[in-house]
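Please read through the structure below; I'll follow up with questions.
Letters are used for the chains, namely A, B, C and D, taken in the order the chains are written, and counting of residues starts over at 1 for each.
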Amino acid sequence: MVEINLWSGLRRFTDGELVVEVEADTIGKALDALIEKYPGLAPVIEAGISVAVDGEITTAGRNIPVRPDSEVYLMRRLKGG
Amino acid sequence: MHYHTPATFEDAVKIAAACGGVTRFLAGGTDVLVQMRAGAVIPDDLIDLKHIPGVRDITRTPEGGWRIGIAVAGAELGAHDALCRDWPGVVEGMELVGSTQVQGRATLVGNLCNGSPAADSVPGLVAAGATVTVTGVNGSREVPVAEIPAGPGRTVLQPGEVISAISLPPRGENGGDAYLRFIPRTEMDIAVVGCAVNLRLDGDTISEARVALGAVAPTVITVQAAADAIIGTTLDDAALEALADAARAAATPISDKRGTAEFRTHVSGVMAQRVARLAYTRAKGAGK
Amino acid sequence: MSKIHVTTTVNGDTVEFLADPRETLLDCLRDRLGLTGSKEGCGTGDCGACSVMLDGRLVSSCLVLGVEAEGKTVDTIEGMARGDDLHPLQRKFIEHAALQCGFCTPGILVAAKALLDQNPDPSESEVRYWLAGNLCRCTGYDKIVNAVMDAAAEMRGAA
Amino acid sequence: MAKDEFNTEFKLVGTRPNRPDGLDKVTGRARYGADMTMPGMLWGAVVRSPHAHARIKKIDASKALALEGVKAVVTRADFPTGLTGEDWNLQENSMAGDVALYDGHAVAAVAATSALLAQDAAALIEVEYELLPHVIDVDDAIKPDAPAIRPGSADHSVPEGFPPNVVRYIDYGHGDLDAGFAAADLVMEKTYLTEATHQGYIEPQACVGQLGADGKGEMWVCTQGHWFIRQMCSAVLGLEVAQLRVTASEIGGGFGGKTMVFMEPLSLALSKKAGGRPVKLVMNRAEVLRATGPTASASMDVKIGMTKDGKMTAGKAVFRMQGGAFPGAPVDSALDCAFANYDMPAVYHEGFDVLANRPKAAAYRAPGSPMAAFAVESLVDEMCRELGLDPVEVRLKNAAREGTKASYGPTYNKIGLVETLEAVKAHPNYAVPLGPNQGRGVASGFWFNYNGDTAVSMAIAEDGTAQVSVGTPDIGGSRASLAMMVGETLGVPYEHVRVNVVETGALGINEPTHGSRATFATGKAAVIATEQAIAEMCRRAAVEWDIDPDAVEWIDGAAQPAGPNAGKFPPMKIGEIAGKMSTTGGPIAGHYEGFPDGVGVSFGTHVVDVEVDPETGHTKILRYLVAQDAGRAIHPAYVEGQFQGGAVQGIGWALNEEYVYGEDGRLQNATFLDYRVPVASDLPKIDTVIVEVPNPGHPYGVRGVGETGIAPPLPAIANAVAAATGQRLRHLPMTPVKVLAAIQAGQDG
């Protein structure tokens, strides 16, 4: 299991949970599991998000591996100038 | 658009009189081309005055004043040592118009005829008592520069009339003039407030003065009360205070994207004081 | 709207073109003569990217009509180097990293050369005020001023 | 990675060679967007709405089409329908549909045989409008009774019952906010405002587009990212993406503003309608300012708790931003940056993305970070003054470090904020005594940096020189820094590497040069591609020597046996291997396609001294210092250039730049005369300190450096003005009018 940290605005879709545990070894599987658990998250995730794994933010990377002790944060999609 | 290159002012006004549509005279072109580019004014006839003999000349008049051709660019004024010695305020006003590049083209008469209340060269000309020669189909007349602007973007020139020369009076003894403006940056802006002072000293005492303010009224204005505030003084603190008060009292500015009425009113007093000091210093220097 | 035939000297060559009287000298240089080194950044004389020398005087070519160039001499960025020999300003701009995107660079070089031609030993402040009409959005001007000062020093040493 | 330890001596990295595009750029030869002409080319012009909000009742182009030489007119009716999401936004922004949403919104376009003719024709296109109520200011636009600009455009994030122009809502944080504020000796809450500014690149948007009836097209365009242009044009016009081939010209500045399409799709639509003739579209400056990406304007409430010895206990930020008539104000990244400098036990963020009748905001250098920095770093300074604390010491006391839980959630890896603060403390500028009416201001700033889709291909030429094909347009010298990294890795001179920005047909997709990613992401990709080529060259040598490829290593541009057991062979130089490649297995190349990981964030600290004229409110910058963490500076001169350029854009934002609208909703200052970017005489030298805390995620330790530098100037100058005048300006820009009014009010402005 890996803990996914959500931003608080997403509580509306997760019965108030800010940290959700899912069974996954990649970001992609973790996101799929999140949506399965809380279908209300689907439009948020599909609209585009960034994910921070162990402090590093990435926009792509469904294939990025996560371990049970990984620090995973969902973030609003990032772009630069 | 038809482009004309007359060889005399008489021909120029004849062409203008014969044209039915929108006519513009072209000297430096730094306003006309911008208006054309923006689509604000696309003349049917453009009359280029630069092919008329003498329009690029700066000449000393028999009385000791100056006659400046209408196509003399700012950079050429600045390069004329004798003119700069006589009328530094007039020249520095012109030199504040636009960039170095614009200085290669922009002219006193163009700056005047654009009709902007914020025109940098006009307060200096007004304070100096400059006149222009207005040429029309019925001949020419001399008009004080102060009487040319009629309101924002407007002059008293009639359709078909053109300014054919600009004249500065003899500098005379113990005189000094100066122009300063306030802008948000250090260069390249339109004046938020401009002020010119021209004065003459008798010893340490100001015997004559003219004060002109720009960008605080529909046209550049002459402020007699401001001049009166310093005439008969040595520009002491009380005189400077009275000068600032008079300048502020005369200012009737608008609030726009470049500044508020309150700001312009306040700063017109600040500028008047700073310019008066500069003109005074120059007049003292001129006496030595 | 008939076009006007213009004969002028550009970078030492006699050239001819047909200009609509509404076209600027910048338009004519770029679109009639293929001299695209002069740039249009504003079209109002506020950015300096179109700087050229007209009869030896620095002007914004966006504020000159093409037809006004008749019989005159125009010098542009394309004429600044002599063959393979770059003008010291051009060399110093590269060495000092005085350009990033490079779009304002031709106008600044033309303007800076005009300054050094009349004032071989300008102060930093004089350089900054002379170039105030040449906008650069990339560099913050620091390295541009350094390059002009260094070029001036080299040219004085060489003279 | 070849060099993941950071005490390596480099031959090229850290030197200052001349840039490969320098000669073209100083001689006027470099070709930018508007410099291209094509055979049979037509010229385009765009008709734009003069109204802030108006229903388009009728467009009559008959007079224009009657002109000889006018070849095509397009309106929205010529575009496909049924688009959704951001595709629809881009289409709507490229060409208004039923309603013009801002002053400058395109409503029609025309192509003709000359530029003047196209402009004349555009002036003859008659558009009938019905005026609608408009709203410009963000605090007006967020009111419940504001004119609803696009009802129904709020996304899933917006709860029921929010005002009609709120289209995105964000809230997040961590820690116990109430306990944090309760633990503070001083809690201050203030509201800060910033106005919209423009990227102000000197090169207006320009392109030549060609599209045939067969759906195949080409485009020449100045852009930060031509794959984005390709994808967006294809979406807006309903084309197959791979059928459009886009070539990036040299680019005359972008700063985020050239990462999306504006009039580019119009040139293709016109071309198609004109029988496939290429159509050139070049914006004038007024069009650039009225219709291309400004940044958002912001209204921000910030509350911070601090103990009397300067420990920050809690922070709350509520930001409202308008990004024009479309969703996309950078309110989320602004919030993420707000407290990113600090190690705080409790933070809370709330953000509103609000529609207003203004052009669609585009990214601008560290989107959102400058506004956030202005609000937070100003308030920190106010609290330092209130408590009599040194602003640098307070920042050091609270500075985020490796292992700090960032305000936006994750835990920081190795970062260099503390080092930038120490650097400014040690710099002579920080010790210069100040005179009357002078003040010193300090502020720090942050940007994430970014990686993004990246494809790079490199190949060895027959003589052992190298070519590198990249997809990130070179704005600030990236071809030089890429050539240096490839040369360093390959062990060949810098001059032996040519880096080419290639067209979309030549590589897999690339994100633009944005997010400070070119030197990091394209650089990392180029190094990986080079290592592939090196491996292949080692293999060729191994075959020649008849030894195991693993027994060959690459040193100083040559294959060498890896130790005495591998065999005794003289080094086989790259030129030798390359010279025989046709007979040893064919081309030698390497490539990378992916999403390079290992992005390192960048912090910076700025110190500015100002002098304020007490009679006019005019602020003069006396001294300016930038210290920023570059990870490692590949080409230090270009790193300095990024620091200096960012700082000066920030100075403009702080002092004079702003969008000024009239009551009628029209932009009043759409010229460089009145949109006042800093000029050379406004500025002193911009001193720089390159702090190097290498990023472990990059083979040479690179962090992106392009963006962070624009954030600190806004608060640093506000703090300096406060120090000089005793008055706090909380509304940018700090024009003389505002500063004088504050001085005259003699109380907190």
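Everything below uses one rule, namely that a residue touches a chain if its C-beta (ideal position, glycine included) is under 8 Å from a C-beta of that chain, and two chains touch if they have at least 3 such contacts.
Bear in mind that the values here come from a model prediction, so they are computed numbers and not experimental data.
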More Cb-Cb contact pairs, comparing B-C against C-D, go to C-D
In whole angstrom, the CA-centroid distance of chain C from chain D equals 29
Between chain A and chain D, the Cα-mean centres are separated in Å by 26
Rounded to the nearest Å, the gap separating the Cα centres of chain A and chain C is 54
By the touch definition above, chain C meets two or more other chains at residues 20, 22, 43-44, 46, 129, 131-134
So chain B residues touching two or more other chains come to 37-38, 186-188
So chain D residues touching two or more other chains come to 199, 255, 284, 673, 678-679, 681
The chain pairs that touch are A-D, B-C, B-D, C-D
Within the complex, chain D is touched by chain A residues 5, 7-9, 12, 40, 43-44, 47, 52, 54-61, 64, 71, 73, 75-81
In their shared complex, chain D is touched by residues of chain B numbered 37-39, 182, 184-190, 192, 257-260, 262-263, 266-267, 270
In the complex, chain C touches chain D at residues 20, 22-23, 27, 30-31, 35-44, 46-47, 49, 76-78, 80-81, 86, 90-91, 93-97, 99-106, 109, 125, 127-129, 131-145
Contacts from chain D onto chain B in the complex sit at residues 119, 123, 284, 286, 615-618, 655-656, 660, 668-669, 673-674, 676, 678-679, 681-682, 735-737, 740-741, 744
Interface with chain C, chain D side, in the complex: residues 16, 18-19, 21-32, 34-35, 37, 114-116, 199-204, 250-255, 282, 284-285, 475-477, 635, 637-638, 640-641, 644-645, 647-649, 671-673, 677-681, 683, 685-686
